[in-house]
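Remarks on the structure that follows.
Labels for the chains are A, B and C, by order of writing; each one numbers its residues from 1.
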Amino acid sequence: MSAMLLNKDQWSAFVGKLAGEKKVWAPVKRGDIMRFEPLEEGAVPSLDFANTTVPPKTVVFPQTETLYRYRIGQAELAVPVLEGEAVLLGVRPCDARAMSIVQKLFRWDVDDPYYLKRREAATLVGLACSAPGTNCFCTSVGGGPASTEGLDLLMTDLGESYLLEALTDKGKALLEAAQDLLQEAPAGAVQEKEKVVGAAEKAIARSVDTTGIPQGLPGLWEHPLWQRTAAGCLGCGTCTFLCPTCHCFDIQDEVEGFEGRRCRMWDSCMFAEYTLHASGHNPRPTRRERTRNRINHKYNYFVQKFDVIACVGCGRCVNLCPVNIDLVEILRQVKEAL
Amino acid sequence: MSESFEPNIVAFLCNWCSYAGADLAGTSRVQYPANINVIRVMCSGRVNPLFVMNALQQGADGVLVSGCHPGDCHYMEGNFYARRRLGMLKDLMEFVGIDPRRFHMSWVSASEGHKWKEVVQKTVDDAREAGPFQGFRRRQIDW
Amino acid sequence: MDLEKLRKTAAEIVSRDDVKYLIGWRPGSFGYRVSPCFVQDAAGAEELIFSPLCASNLATYLTLVEKLPVPRGEEPDRRKVALLVKGCDSRAVVQLLVEKGIEREQVILVGLPCRGVVDLNLLQQKYPEGLEKGELSWQEGGFQLIRNGETATIPREEILAEKCRLCRYPNPVLSDVTIGDPVEPWETEADRGVEELEQKSVEERWDYWEEQFSKCIRCYSCRNACPLCYCDDCILDRLNPIWINRAVNFSENTAFHLARAFHLGGRCAECGECERACPMNIPLGKLNRKLAKEVREKYGYEAGVDPEAKPFLASYNPNDPEEFIL
């Protein structure tokens, strides 16, 4: 029951089966962007993409979420009911890995109930990469086109059919639920998968040698490379908002009359007011400090604290930066400066 | 549209002309619809387009901005600036699909109590025709 | 394009004592990308390029620099900044001068007559971007793409950026040095994007923008990429009062986009940076162009053409149209 084969003409029936029981989130194309959205009834998601524009972190960590609502003069708070179980279909291994990395933070000193509840209620159905994108470099930061970290079930496209491998109990339960659509995978299927994955791994063109970077970054605090990199930076939040491992948030109150809600929303360390103190002092006054912080957070602070690089090499920040600030290029410069 | 729908109108009136005009309408016992929520500002030039936007976001079905006639501004030229600014706002709102009947601007002087009545009547009628403005409301969404 | 001359002029400019740096374009790290570069010395000028890929508007960097307090006893750096400008970029600079956002003495403009830049998305659709760098240049009737040693000719209208189809100022309207011969302005097409929307009903327009604005993730790259969005205290960063909530939903997104477009009313230089920078491909240019069109047609004003002009919203004409007033 761990490795099964799903014929591609059974794909829509398989999706229908999942959708019948749980809320299914899948990549949906809106114009030329792609993001995870709840699947409409009868819709069949296409799995023909390299990487979604917006990472699936939005499902477990929505850009804006209400923490509670209140009414002035009333002692009780209304806490939202977190949605029930969800299945995420077609999650790339890098994005799933990102979720397991971010989870470490949300479990750290205090357990974050909102994130963890959503995360626990989600079953991640991964889709192994067969054709990596231009700027993918997952193999350099500990991932791979078929990395299973964080996933419950891994799908691999074998041409005619998908190979489904259950990795956790949740994944097994999914397979059991859809049993009548699946066949036992023949012995050769796993070898075939290895071939697909091996080819994908070879197709990853970008790489960066991260050894020594976490240890070396503190020594480069005042290095001119930060000024050089930040000079062209616009200071927008594209790289951080679309990063699967970026997890910073801000909490704000929205009040209208006597009612209000406290909500949290993504924040970006590339914004000036991210570190702005009430006094007016800003410890990261320019884009130089902010850029330095972004790299340090991913490749230094997070490593010190959780022993893993908070970057999964999905390449989104490289692809989408309007002024071509290239993370791989920055890391190469860091490496050179060490 | 149901018969009972009563639109919620936010009106920004300049202190020197329109507010006094509305006051005159009141003291002269001119009857006009009570759907208007008046906010007094010192000059129509003080009306920030974001006021209009915020009013719509917070539940207004229509917005009215009223000031002195051109040339009569207490501050000489405030209403000329307002005219340019809000004329452009009206074009923009129409372009994104906000019904043009939801936003009006008028010149009402301190002596025009009867004109004030007509302006309010027109604003309220237009907003009533346009119906409740749900789309833009802040609280509609995951509140 | 005479790159030799460009590099030589740039090198001369940055060698002057009163010049801090020159902002230009250099080849990016992969594919068709071009990144801004800050040339400090004559050697640095050797990387400069100017090609149809140089879409970004460098005027943004004039006002993007954070103004930190100057330590006691030190003089602020008053050296000039040199800048490469295309036609649309120069309009942004002119508008900055009109608003007194910069001083004329602070900048040296190196004008580059431009035959139109490409839309990266269109180019990628036709010739998918790989890691290997591609070089694009103008040629008669189109563009020439060189990559992997292969040469391809692409017809002009296939990949030309939308803003360039509508461009009426291919030559810099203001410059200190001009490199290359002036370009003959081309026949502009009607602004189909805006006109199509104008013909729709109010409800259809609302539906259209609802779909577009719902995509927004509020990364503010449109604001930051815009050379004319440079307020020290932006309403979006303000915490008291909060004009537009940080929450990302359709209502706040619409308020944000209306406010952004409105703030550029009568100011937009139509350089298309907002649209280009948007990771969600929201057609922000349509909003800006619609307002620019209204301002042009109704008030006879055009932003960023005359450095002596008064800002549109800080001036008035007693005879401004008022047919919308009750």
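In this text, contacts are C-beta pairs under 8 Å (C-beta built on N, C-alpha and C of every residue); 3 or more make two chains touch, one makes a residue touch a chain.
Note that the coordinates shown come from a computational prediction; the quantities given were computed from them, not determined experimentally.
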| item | value |
| --- | --- |
| Pair exhibiting more inter-chain C-beta contacts, A-B or B-C | B-C |
| Central chain of the complex, centres being mean CA coordinates | C |
| Whole-Å gap between the CA centroids of chain A and chain C | 32 |
| Where chain A and chain B are represented by their mean Cα positions, the distance between them in whole Å | 46 |
| Geometric centre distance via CA averages, chain C-chain B, whole Å | 36 |
| Contacts with 2+ other chains: residues of chain B | 138, 142 |
| In chain C, residues with contacts to at least two other chains | 245, 249 |
| Interface hub residues of chain A, defined as touching at least two other chains | 64, 254 |
| Residues of chain B touching chain C in the complex | 49-50, 53-54, 57, 70-71, 77, 80-81, 83-85, 87-100, 104-107, 118-119, 122-123, 135-138, 140-142 |
| Interfacial residue positions of chain C with respect to chain B in the complex | 197-198, 202-210, 235, 243-245, 249-252, 254-255, 257-259, 261-262, 265-266, 287, 290-291, 294-295, 298-299, 312-314, 316-318, 320-322, 324-326 |
| Contact set on chain A toward chain C in their complex | 30-33, 53-54, 63-64, 134-135, 205-206, 231-232, 234-238, 241-242, 250, 252, 254, 263, 265-266, 268, 271-273, 285-287, 318, 320, 322-326, 328-329 |
| Touching residues on chain B, where the partner in the complex is chain A | 58, 138-139, 142-143 |
| Residues on chain C engaged by chain A in the complex (per definition of touch) | 28-31, 33-38, 56, 60-61, 64, 66, 68, 121, 129-131, 211, 215, 217-221, 223-225, 237, 239, 242, 245-249, 273, 276-277, 279-281 |
